[in-house]
Amino acid sequence: MMKQTILTIPSLKCLAKNKTILSVSDITIKTGELSAIIGPNGAGKSTLLKAVSGDTRPEGQIFFHGRDLKTWPAYERARHLGVLPQSSAISFPFSAHEVVALGLTPLSLSAREAARSIKAHMEDTGCWQLSEKPYPMLSGGEKQRVQLARVLLQLSQAQEPPLLLLDEPTSAQDLGQQHSILKLVKALCDDRGYGVMAILHDLNQVLRYCDYCYVLGDGTIQLKGNPSECLSPSNVEAIWGYRPDLFFTTAPSTAALI
Amino acid sequence: MKPISKRLSIQQPAVSLIRGALLCALCMTANAEQLGHVTTSKSYATPNSKVSTERIISTDSFVTELVTALGQQERLVAIDVTSRQPPGVDTLPNIGYHRNLSAEGLLSLRPTLVIGSEHIGPPNVVKALAAANIPLIRLPSAQSIVQLESNINTLALELAQPNEGSELVQNLHAAQQKLDALSLSLSFKKKRVAFLLSMSPDKLRLAGLGTSGQAFIQLLGATNVANFENYQNVSAESLLAMQADIILVAGRSPSTAVESLLSAHPVIAFSAAAKSKAILSLDGSSLVAGLSLVAVEEALRILQKLSINTSP
Amino acid sequence: MSTLSSTNPGAVAPLSRHHLISALLVALLVLSVGFSLVLGPMNLPSVDGMLAVADNLLGTQFSELRDYEKAIVLELRLPRLLLAMMVGAILAQCGAVMQGLFRNPLADPGIVGVSSGAAVGAVIAIGLLPAALSGWSIPAFAFAGGLLTTLLVYGLARSPQGTSVLMLLLAGVAISAFAGALIGFISYFADDQKLRALSLWQMGSLAGASSANLGLCFITLLILVWAFQRQAGALNALLLGESEARHLGINVESLKLKLIVLTAVGVGVCVASSGIIGFVGLVVPHLIRMSLGPNHTTLLPLSALCGALLLLVSDLIARTIVQPAELPVGLITALLGAPFFLALLLQQRGKGL
């Protein structure tokens, strides 16, 4: 399968109070690719994600499917670029079903199609049984899955391969939930050609699931490339200040850091 | 001396609205019975009746006072929230606050005449009365004896009570002569008076120009220490600095007003007025809507008391 | 879990409930309109009261009321009940929108400064302008004051990063305090009569219903209902959070500005025609949300219905409970609203609200 470029950032600069907090270049996300943004706290991971999601107005250009992201009409962009928030505090007692239904906002679906689509995405993310529950009462993991169903619904009418931004998708989850969500995301890349950019903390998850990684430090890209090449014990020590032991599991392609 | 009218019951001069509303609520049960009584005893207005002043609504305390003083209390079918005098009228239906009347409420009492002040409102009440062909008399609240007299004359004419009216006016003239004589004998023209409205004990609300307090001071033939407009809060210190010869305290409880003033502001005990025992209280309700007959009486009482105080 | 694709628990169940509650509200509203027409200090035959309205609409002569009695129904009760319904509906909708906009179920149109700004305008009109002009100067100044204050608060809360809800709330609080000081300052120098007019105005009354303010309220209500309903989906998305709404393709900044201006206009018109009437905007959307959830598609129209009902009933109480006098309707809404609201809050405590 020919890989198509979804996102390219030739050069990007983010300022805060006249200080450069992020300066990156040559970032590319292709179809079916799960890219990790990693780095120590304060490295600029969230700033990068916010720049791509359109929450901030950075200097430089971001090309999305070959077009400047700023020139995309709002709804069209929303159909192709989804963001899974790290946490979403809703103080109003929406049901889980209603939260997912908000993913319909940029779409044009008949009521029937909408109902079917909501159900399908809730089943995909394993939260259909939560439909009637008030969202504020759900656990962190359940909320995450409901939000993911919402974002996937939002991207369900994309004409081009969509881009999914994940902000620490595994933070509020237990071990099993972390892997099930990453497996689901990986499947989206493999089966549906999604491009995914995810901020992750667990380097082992990066090694296991990601195709590519950008290692940020002090607002710049320190390393990029294949996770198993980037995340050598010496590199990890240089960036995080901790030297891990490297193990290889029996499966040849998978490494583990402890 | 024949009293011009009897003393009013306790009534705070500046009725706060909340209190007014509460008063309404308190009067409610009594009024409901009264209302039933009133509306069933007379079914409809009698348009052919020669006297068109059968059912009167008074929307101001001074109107109620004058109507009663003219001996026409029987004709009153409803009064406003500030009318508390004479005893008996307060069992009449209460139409609330004169600026915030209910048009339908007034009409429901089937009045043949509504008497109030220039403040009657809201505007749709005036319109509704006109639409129902109910005459409305608006009297200016009195700031002088001249105005008070003219109000008496107007009402005496409207209510066809010429004899009662001229008697009232004569009494008023007699009272004024006494006031003038006493004022002269006490050389009040040179006396400076501070008129305090005691709404809460810790605040000194001093009557300025254009207030009922000023009207009362003029009644005494004296000069107001204040040279500002309206009522204003002053400090005890500035009150002392004004060097009033006489301090008048108008409150809801005249019997304790002086005491509570001095206990809240002990420094006033050092004033010239205190030294010459010229801090006196009066019934604040007599000045709710300008000068009333009771206010004239209060002025006389105060002058008499001062003349006793000053005579050795 | 049902396997039938047509059974959609998330959508079907609340739909029928929504219809039930709408029907209930409409029925109660019709009932209250009837009561408001036939009840009052003046004891008129109920049927004739109703017929008078029909006569007026159809040009018939069924009613046996005398002319002045007809005038009571048609010129006192009818305009007033219409004003009550429209003001109630506008206030409730504005409350619902503000709560959605601030993502705070306790927000109130008063919070962005409309009420205090309007009060400053009215105080200026009452305190500094001649009383002869008060017929138009009070509503006009109240309206202008509300709108200006709202825009000022909004301007203060705006920054290159967008509007901060926290800043908006704090600015609203600060401006309200400043407005309070201004009101205190002006009332300090106002004379007794003006002071009384002022405190009366601040309590709100629907007695001033006239064809002019009825027309203004009607047009405002139509515009608001239409404009708010168009933004119902966007308001829902906004409940997710501002950036989430932006990611869903919503122009959050323009949405916020639009809603704030519309709300300021709505509340300003209400304040101008009936003074300050509190609690309707706070309590009504809350009630609807508690029974039907926060979906603005249903919340907005039902809030309008429920607000109309609440204010209509409050005014009915206000003008009959102490007859022949009447209470300011703002006192009734506060007396009804505040304890009710507290009770509901207590009941909801621990339910994740």
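Each chain carries a letter (A, B and C) given by its place in the written order, and its residues are counted from 1.
Basically, a contact is a pair of C-beta atoms (placed from the backbone, for glycine too) under 8 Å apart; a residue touches a chain by one contact, two chains touch by 3 or more.
Because the structure is a prediction, the values reported are computed rather than measured.
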item	value
Graph class of chain-chain contacts, one of line, ring, star, complete, other	line
Furthest chain, CA centroid comparison against chain A	B
Chain nearest the overall Cα centroid	C
Centre-of-Cα separation between chain C and chain A, whole angstrom	43
Computed distance of Cα centres, chain C from chain B, in Å	39
Centre-of-Cα separation between chain B and chain A, whole angstrom	78
Touching residues on chain C, where the partner in the complex is chain A	1, 5, 8-11, 13, 103-105, 161, 233-234, 236-237, 239-241, 243-244, 246-251, 289, 293-295, 351-353
Touching residues on chain B, where the partner in the complex is chain C	14, 16-17, 21, 24-25, 27-28, 31, 35, 39, 78, 81, 93-97, 99-109, 119, 122-124, 128, 131-133, 210-211, 229-233
Contact footprint of chain C on chain A as seen in their complex	50, 53-56, 74-79, 81-83, 85, 88-99, 101-103, 105-106, 115-116, 118-119, 128-129, 131-132, 134, 136-137, 154
Touching residues on chain C, where the partner in the complex is chain B	40-43, 68, 71-72, 75-77, 135, 188-193, 195-197, 199-200, 203, 205, 207-210, 319, 321-328, 331
